[in-house]
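In what follows, chain A forms one complex with chain B and a second complex with chain C.
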Partner chain A sequence: MSPILQGILTIAFGVGGCVAYFYGSNWVLDKVIFPPKPDDNGRNINRATIVRPWLFLFPAMFALGLYLVYPVVGSFYRSLFNRAGDEFIAFGNYTQMFSEEGFRIALFNNFLWVLVVPAAATFFGLLVAQLTDKLKWGNIAKSLIFMPMAISFVGASLIWKFVYANDPDIGIINALRDFFGAAPVDPLQIPFWNNFFLMVILIWIQTGFAMVILSAALRGIPEETIEAAIIDGANPFQIFFKIKVPQIMGTIVVVWTTITILVLKVFDIVYAMTGGNFDTEILPSYMMDYMFRDDGRATAVAFVIMIIVLPVMIWNIRQARKEM
Partner chain B sequence: MANLKLTDVAKTYGGTVEVLKDINLDITQGELIVFVGPSGCGKSTLLRMIAGLEKITGGTLEIDGQRVNDVPPAQRGIAMVFQSYALYPHMTVRENMSFALKLAKKTPDEINEAVNRAAKMLQLDQYLDRLPKALSGGQRQRVAIGRSLVRDPKVYLFDEPLSNLDAALRVATRIEIAQLKEQMPDRTMIYVTHDQVEAMTLASRIVVLANKGIAQVGSPLELYERPNSEFVAQFIGSPSMNLLPGEITGTGEQTTIKLEDGGQAVSHYPTTDADMGMKVNVGVRPEDFIETEGDYVYHGTVDITEALGEVTLLYFRPDAEGRDAVIAKLPGIHKDVRGKDVRLTATPDKVHLFANGTSLLYR
Partner chain C sequence: MFPTPIEKRSRGAQVTYQALVPLALVMWLLPLVAVAMFSIRPLADFTNGNYWGVPSSFEFFTNYGKVFLESDMPRYMLNSVLITVPTVIGAVALSCMTGFALGIYRFRGNLLIFFMFIAGNFVPFQILMVPVRDLTVGMGLYDTKLGLVLFHIAFQTGFCTLFMRNFIRALPFELIEAARVEGVSEWRIFWFVVLPLMKPAIAALAVLIFTFIWNDYFWAIVLTQGPDAQPVTAGITSFNSQFVAQYHLMSAGSIVAALPPVAMFFLMQRHFIAGLTLGAVK
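What follows is the complex of A and B.
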């Protein structure tokens, strides 16, 4: 069977199955289990109302349990065993890992990523959102900036491989250097700074996301508060920083933390660009290095990542709830 | 200290859509001017043009003899109170009120003094450290007023400040604004509203806007007693003035009119012999009608009555298709008149005359 046909069939079965489940289970509940009875109609309607939410929640809860809760517990359990998985070594994987330089580099780089990427993406997103707000062609600019969101990380990495290419005829950076008479360099091999060249890719992708959310938030600010500030004598910068930004602070935090969580999961960019060489490893790519070779170590890294993500996630969810 | 002069002020959007034109208005210091008019007549636009939030596309606006068309809002010496309060939601009451002063680089002592004084005037002392969301609607509007007070502007602009308040608070806040004005007799205020009661009670002069321009300017009672057109006559006063078609049959110091429906009216509007036979509309306010047994201005069958206690509104059955129902507002309770024929008259000083929409007093 051709892959396209397979895909279409999968979508049809998936979507059709969802519809069938919700429609069918609802029908069974209303007509078979608690059918309206002429003498005591209200009681069965009330019973059905109590059961219905659980019925509808079941697929989501089941899937989350199977693919989220079980793996977390399972990973932790696996991380307490050795490479082959047949010997219990308690926290041996963890102590071993923390003593290795590779892990420390990955941890430090990841720290840099978390510091730089969310800040830069949110900042540029906010900047674009504000600058395009009143422009006639602002929507065109926004669509262009949003477009990288539609590209997979690996695809984006390939594009940027061209940007960073060594050959001045291909890579724009070396083309510029060539124009000024400098010898070509490989940006991805410059120690320490190569991390930032990789971050640029994710910033490029995530700015669009930040822009869309923050643009909507900026639109939601009551126009009168801005007019009141104008009358109060605020200049455009003061209006932006003292009136607009504080009013969308909640949204900014949500965007920031959402990107932070994403950063802690991204491995594709490093994997595709440098393969973790030249000291560009970050935790997820470090984990990928060990996966299938040493599952004890890989799950231990996964667990460390989860511990780091957890507080950010809790904060993110709290903020998002406050916004709603 | 603050005279405003509007000369031929006009507003067009995109060069084609004309919203206001030929606005000429002199506002002297200490006046409380109220802009009223039907929805969409441009009263808020005019206020926003004075504030500097909308560009003036024609004519000049002068404050104290200085052309301010292109002066930024903050430097015009104005403060504005918005219908939606427009408080900064992330700032406490104190921060809201001191924001403008901080921007103006006043010292902390000056700011504190101004804020405390304004807070005292508006009874906001206890709420200074609260956020706007912890305040009621009336309190929020007081903060908005306080925010303009601390700046001590030459001109206060109010854009329907009471529209978002419930009825009881509206009355209370209206009285507060009136008291505020009394405490600051030399400050000029411009107030936009669609509420007649606000206009009548607060204004030293009312500006009625209609048809892209000013219909009439005058003190509340002037507009009520001597409207210059049918539009103003019907716009001021509630329910609206009744208009009855007729023909002038006697001229002189007083004018006698024979009405199409058979009634007869005498008006205090003077006319000349040349006006004999002129077709006019006779205007009588519902509250000026008197029930009578003898000669009548109007008689008809009562369709509906609304007893409000101190007065009863009588809605008469329209005499002809498309004619507005005549309304009379009689003192006391008249429950038994529904479906009956009632004769109404009015004293000559309450009878207005209009020809082609214009009052005969302003020919």
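What follows is the complex of A and C.
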């Protein structure tokens, strides 16, 4: 009972604390620091207005600074030191890393993931969104396709282990091969292609996401444009590719970039399925190999990931700015 | 509408289409169905090689009973709840405030801070790992639920703020101005005017964050170890090494671990999808 009680207490304190902070700080600002006295009423109200937003922002900015800004800088700093962290070796970790074959394989595989997964997930998502759009029970179909999205990456990997299992009695793929009389293989040990078998898992999860967003976008297309195209005698494929797709291009790009960024972070699938063996390593899982063993190397890999993400991040900020 | 609605096509095309869709769905969900089937078989079926046929007996209660009574699974589940619920509440509460400040007030640095939140949203969490772990160890919070909760709140606040700010921006600003003219104090405006209007956003965000945090694996293995604090995502891997090759229990464990977010998704589907759409499109 005690952990539950503890949890409830924590929640009560947390929420109470938030409300108290919020109410208290505003009260102090209005009544104590800048009280609206008769002589300089207007000036004090103006001053309070300048300070107030920072009252709302302070807790979040403090948390973000402590857990985000400091670690990014700290990570880079740490990556300039050796394994034990006591000797400054400048870019030694980076030069050594780039000369290693394991890192190059991880980089190449990561490149494949970024190329294939967002494209495939967006494509399937668009396809499903279009095909179920006017179906009576389309919503049920959509929920079912979307369901994998709610499962964790580890959970999904464990489930897919049953698909790829070497034993023809357990693995679905080998059960099918067995049915047609072929000898069992371990799909995760086929060089090069095993990467794609792992990607299938992430595509399986992310298609639902792409579908939901794109389906909302498809609903938003003005019917008149499609009616006009039909009257002009456009065929179904022309309508889809020349009328609908261009109108939801913005959304497609958003979905694409969101999944791209996700792909650059995902390590759970590789970690749980192959542990990075059989040349399936990608950068995030490559980094996990050094976690707890060589912090200098781990942070160096992390920084490389950060640099790869950076262009997408900047592009997103510019997009957000344009919309203002 | 794909030019000719399916109802107006020829009978043959309709039947083929209606038959292909369920087939595709079954293929899509085959991995899940297989695991669900495995989880209700008795152990004897596996030793006898009866993997795919009709189970020789239904062992739903025995298998799931074992998961709950003879393993650390209930503790992992409880840990997950105790980590997820405070995080959701904390992140939503914080982001309501920051979203309000960034959405309503015009002040110097507003945009800069907003862009900082966007940037924070995209930072790959790998780069935070080593310093955050050292920080957590330094604060004496390593391998505690509180350490995980604090970090999750901080990290999720970026995304939540983005979400809330965009939602508040879309609210009718006249309401707030009217309240100001009436002389309502700022915190009352927040509490009585803005917060009630934010209910749909809060619901959507809460459901979304719930699944994010419940499904987190990375920070679970970085910041915790052992059944005292580990959530179910990390616990399921140790569970699987405890019951190696007992496929019926491994499957039952996987199902149990995946159930809460999936249940949440089906119960709160509307909010979940609203959250994803709001978060991505804006």
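Basically, the second predicted complex is superposed on the first by the 265 of 324 C-alpha atoms of A that agree within 3 Å, B and C clash if a C-alpha of one lies under 4 Å from a C-alpha of the other, contacts with A are read in each partner's own complex, and residues count from 1 in each chain.
Basically, a contact is a pair of C-beta atoms (placed from the backbone, for glycine too) under 8 Å apart; a residue touches a chain by one contact, two chains touch by 3 or more.
Fair warning: this is a prediction, and the values are worked out from it, not measured in the lab.
When both complexes are overlaid on chain A, the residue A:Val15 reaches chain C alone and has no touch with chain B.
Of the two partner chains placed by superposition, only chain C is touched by A:Ala150; chain B is not. By the document's definition of touching, of the two partners only chain C reaches A:Ile50; chain B does not. Judged by the touch definition given at the top, the superposed model places A:Gly181 against neither chain B nor chain C.
When the two complexes are overlaid on their common chain A, residue A:Val254 makes contact with chain C while staying clear of chain B. Judged by the touch definition given at the top, the superposed model places A:Ile230 against both chain B and chain C.
Looking at the shared chain after the overlay, A:Ile243 reaches chain B, while chain C stays out of its contact range.
More residues of chain A are touched by C (comparison of chain B with chain C). By the document's definition of touching, of the two partners only chain C reaches A:Tyr70; chain B does not.
Under the contact criterion defined above, the residues of chain A that touch both chain B in one complex and chain C in the other are 230, 234. Only residues 3-4, 6-7, 10-11, 14-15, 18, 22-23, 26-27, 30, 49-50, 52-57, 59-61, 63-64, 66-68, 70-72, 74-75, 78, 130-135, 141, 143-155, 158-160, 162-163, 169-170, 172, 175, 204, 209, 212-213, 216-217, 223, 226, 230, 234-236, 239-240, 251, 254-255, 258, 261, 264-265, 267-268, 272, 284, 287, 291, 295, 298-299, 301-303, 305-306, 309, 312-313, 316-317, 320-321, 324 of chain A touch chain C when the two sit together in their complex. The touching residues of chain A, counted against chain B in their complex, run 222, 224-225, 227-234, 238, 242-243, 246-247, 249.
Those residues of chain B that touch chain A in the shared complex are 51-53, 72-75, 78-80, 82-91, 99-100, 103-104, 147, 151.
On chain C, the positions that touch chain A within their shared complex are 1-6, 21, 25, 28-32, 34-35, 38, 46, 49, 51-52, 78, 81-82, 85-86, 89-90, 93-95, 97-98, 100-102, 105, 107, 110-111, 113-120, 122-132, 135, 146, 149-151, 153-155, 157-158, 161, 185-187, 190, 211, 214-218, 222, 233, 236-237, 240, 247, 250-251, 254, 257-258, 261-262, 264-266, 269, 272-273, 276-277, 280-281.
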